[in-house]
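Take a look at the structures below.
You will see two complexes here that share chain A, one where it goes with chain B and one where it goes with chain C.
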Partner chain A sequence: MTAQAREGLYELLEQVTGFIYPNEIEIHWSILIVVYPYVTGLVAGAFILASLVKVFAIKEVQPTYRLSLLTALAFLLVAPLPLLLHLGQPQRFYEILLTPNPSSAMAMFGFVYAWYLMGVLLLEIWFEYRRDLIVLAQTSRSPLNRVYRVLSLFSKDVSPEALAFDRKAIQVITIIGIPSAFLLHGYVGFIFGSVKANPWWGSVLMPIVFLMSAIVSGIALVIFLYMVLTALRREPIDMACLDKITSYLFYAVIVDFSLEALDFIHRLYQSEESVKILGKLITHKLFLSLFVIQILLGMFIPLGILVLAKARGFNDDLRKLLYFTAVILIQIGIFATRWNVVIGGQLFSKSFRGLMAYKMEVMGLEGLVAALVLLALPFVILAVLIRLLPTTRLEEPLTP
Partner chain B sequence: MNERREFLKGAIVFFPAAGVLAALAREVAGREAPAKDAGAKDAPKPYTPADHFYGMGIEIDKCIGCNLCAVACKAENRVPDEPFYFRTWVERYTIMRDGEVIVENISLGPQKETMADAREVVRTFFVPKLCNQCQNPPCVQVCPVNATFTTPDGAVIVDETRCIGCRYCIQACPYGARYLHPATRTADKCTFCYQRIVKGLQPACVEVCPTQARIFGDLKSRASRLVRFKRMNKIHVLKPQLNTEPKVYYAQLDGEVR
Partner chain C sequence: MRIPEQVHRLAIVLAIVIGGTLLTRFVIIPRSLVSTELHWAQTTQREATRPLKFAGSTACQDCHEDVAAKKAKSFHRVLACEGCHTPSIKHAEDPSAAKPTVLRERKLCATCHAYDPSRPTGFPQINVTAHNPLKACVTCHNPHDPVPPKVPKECAACHAQIERAKAVSSHALLTCTTCHKAPERHKTAPRTALPSKPDSRDFCGACHGQGAAGAPKEAPKVDLSTHGARNLCWECHYPHLPEGRS
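Coming up: the complex of A and B.
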């Protein structure tokens, strides 16, 4: 242990209120474990938005379809990194795949992740882009054409039958994909919800709350990216699309808020052994991040903004501004939600007699800088993906 | 003739007495536990974990809060000295007339005197804590790589060469009995001094306890002190509602203890 870490723990010891078990002073799941469910949530949410187009045939949302898929992929590629960096012995990570403990919720991560990446997302993206990849392989210059050829897995068939098969395949994958996306993020919620030792986490609603907040954050992110992307490209925004997605966002926030309110009221009304310490937790330790950021800034204000934007006949520019503000606030709110679950669950003693403190490292593997890098990385990956893969279907005529 | 009669008389008295004394001596030496018990008569049998099932009894009223157990544990098991890492520790409870409960961890070092007015104190007592070596251990359930497991003789231990340091077990333990060892970066916890018990010795904390507030024994042996302890006392375990089925049994446990 470094002298600095030791000093940090002594400092935290001073900040303990009440009684805690001695080993509880160290906060074990740090900011990186806040990033992990946040990023996975964005994946699941973005994918579910993409599925709306294919499964429920909502045509207005088509302009964001490919963007949603690429967003999901960019964030999914980053999702395991915070977990890996957080391990005490990261070089042994493969053990979780080679000798998993079937009774461990966490051991399933590798399999759920691999299934979602290989069985759903990459497959759907490949079928969606196959024709375009063939076109790009023919029209782009060396060496990029080789890249496209490899990406298309050397397929060349663009006959109407082949394209019909692509569409059919996408349909099937999406239908499998929705429950898979639910599984991916519901599973993350289960990791927390199944911990009976921790009353802040141990709730059967946890996977559902995680899922709904994932949908909220994913939709909000795609709206944000769509608006930024069209602005960068100086293209007009499809307002019908934007209005439609923000309506979905609105409903998703309502459902998410209802679930969280239900959880809150249920805990308060059941008033179990832990109710006093949890009350202290939310008033002493989570007041800012829960009441101010998550609920007020992340839910009430954006809901108000969305209602305002829908109800009044504002012009397009003002609506855009309102939507843009709302999605950023919602995004901050969902990050605070993850923070409150992960960090909040470690700030009270399992003796229910005291509260601990968390002091975030700045540098270091589990620090703020590492978290910011991990949050920025998906955007870099996405930028590369968008460069490589057009977000709208190519119209170029095929050369024979 | 007479001599022979005398001899027989003596023998009748001597042999049973010798047997009783020998049994007592064994009892005093506390050897009813491992290894020697099973095949005591002849050559020492190799230790067979499946023949044993260990647990611990703690008699609250006997604990004087000397903290020797926690000190011995740190020395025996190379637990880091800093006050953030404990395999066992001792809590002091002070229950006031108005219902207020003050809990302190005396193993953290010298404690400030908190009692303003001794007349307001209803009762005080010490509670030694350690891993409860649960029979339904949540930590074992959640370990993604099987690095923590229950031995056939009932100790929950960690293989530090397998542990990946994800710390899910630390989160899952309701008793705060686990920590991340700063040197190995893997989970660490009380093992009932596994290295000692397989040799027929007592765990270090039991060995040093001056008042025998801690009783270690084999639940599979009817002659074990622990089995007798469980028979003679009204027993409680910590957080029974979580169904972890602890094998650390408390006598005279107060309802305030969690």
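Coming up: the complex of A and C.
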């Protein structure tokens, strides 16, 4: 053991309370594993918002349709990276794909992911943008037009029948897409929910709670992006759209909160042998991140703000400000939710008699900096995507 | 019906993706990487080509009948010759070509008999620095038929850990036989005659029960009818290192 490692271990040992097993001192699932469900949640949420437009034909939300799709794509591309960095030997990840193990839930992620990326999201985006790509291939300048031509797969047909086919295809894909998005994030909840040995995780409600909070965070993110984007472009915000989405957000937060409360009450009532240590966990270790950040800042205050914004006839500017504050708080709250699940679940001993501590690295493959980079990366990708693919349908007539 | 143009394009892409996947999976990746059978077969082959070092547990008895016969009846009957004499296949094939190692140092025996709390209760353990130091173990114990030269008088000879725990506890002054009736034979053939163990709350109550007649004064008293009522005392207090007062 290096002197440095010994020092680190000592620092942790001082923070341990009660009785723990020797191999529990190190917390293995680091902040990257917090980032991972957070990011996949954003993907699923954004996609489900996009589906509202197509499947349930909610016209008001139309202005955010393409933005939601691109957001989902940008975050989906980043989703596996935290896992890869966590592998320790990231360059060997492909071996998981070459020798798939169908009985391992974790190994199945690759397939769920590939299906969702290629079978759903890319297809839907392609059909949605096909006409625009053809237009862009003709109107843009030299190197770029080639890019568009390749992206459109050299497609040229913009006849009304072809466009009608596009629309129908999108309809079908969305209908397949909703269960797929549920699968993608429900899967993440499943991974945690199926850990029988860990009472903080092992719960059938886990996938559903994950899903609901995913929808909350995805919608909040798209609202945030929509507001920032219109501000950057100095365009007017479509207030009807904003009001509509925020009311969805409002309901989603309420459902999410009820589910988590249900889970909580259920545990309390069941009162299994773990209930004491879990009580200690939330009062000693997770007080700030659970009660203050997740529940107060991330749920009650945004709910209050949303109620206020809806009930009083505030003018547009004030409403915008309120919405903006609410979505940022919600975003922080959902990140805290992921933190409480992932890190919280590793802070108590399997002996149910002691609590550990998590010491976050700053640099290093699994440190804070890596996590921040991973959280920033989707925005960079999104910026590129938005540059390439317009978020509103092109209006110019075709020049043959 | 006419197949729309988009479908053609996507079909080509799909075909490339599927084709590429199949190509990588079945052509580019060597079979040994994905086939568990081949994996095992190759590992077996690799291991099989390694040079043999051990002659095996039955190889020695033909030539060393006397030693083998002696050991077979001893406490060391379960040990393999080569465990102490190091791998000796060369010697077994041609005795004059190579000699097995003969270790006479104390550290050979210490690998198994040095005191270690994780060893099972009753496994013969000694404190190497305190047990007849500076002399080779083999001067007193025959390695092929080890016996304690005389029957140990103290329970501690075999239950050192318990003795050590008790020595620093509140029960230090109680002898083992206060609580265990040990037949004499237990010291010569321990597993054939096990000592008794306390089996009721009243046993401890004789010294710790409130108002128990003849109980030592120093023993703290508890109310037997309420204190830990539904459990045996040693489900909460380790009798060899009891704790109760903070």
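Here, the second predicted complex is superposed on the first by the 394 of 400 C-alpha atoms of A that agree within 3 Å, B and C clash if a C-alpha of one lies under 4 Å from a C-alpha of the other, contacts with A are read in each partner's own complex, and residues count from 1 in each chain.
Here, a contact is a pair of C-beta atoms (placed from the backbone, for glycine too) under 8 Å apart; a residue touches a chain by one contact, two chains touch by 3 or more.
The shown structure was predicted, so the numbers you read here are calculated from the model rather than taken from an experiment.
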Superposition on chain A - do chain B and chain C clash or fit: clash
Chain A residues touched by each partner, larger count belonging to chain B or chain C: B
Contacts of A:Glu161 with chain B and chain C, given as first, second, both or neither: second
Partner chain(s) touched by A:Arg130 [first = chain B, second = chain C, both, neither]: second
Which of chain B and chain C A:His266 touches, first, second, both or neither: neither
Touching partner for A:Asn23 - first (chain B), second (chain C), both, neither: first
First (chain B), second (chain C), both or neither touched by A:Thr99: both
Partner chain in contact with A:Ala169 - chain B first, chain C second, else both or neither: second
Which superposed partner A:Lys276 touches (first chain B, second chain C, both, neither): neither
Partner chain(s) touched by A:Leu9 [first = chain B, second = chain C, both, neither]: first
Shared contact residues on chain A - chain B and chain C: 99
Touching residues on chain B, where the partner in the complex is chain A: 80, 82-86, 89, 91, 101, 103-105, 107-108, 129, 138, 141-147, 162-168, 170-180, 182-186, 242, 258
Footprint of chain A on chain C - complex, ascending: 4-6, 9-10, 12-13, 17, 24-25, 29, 33-34
Parts of chain A lying in touch with chain C, wherever the complex brings them together: 98-99, 118, 123, 126-127, 130, 153-157, 161-162, 165-166, 169
Interface residues, chain A side, partner chain B - complex: 1, 5-6, 9, 13, 19-26, 28-29, 83, 86-90, 92-93, 95-96, 99-101, 103-107, 109, 191, 195-198, 345-346, 349-353
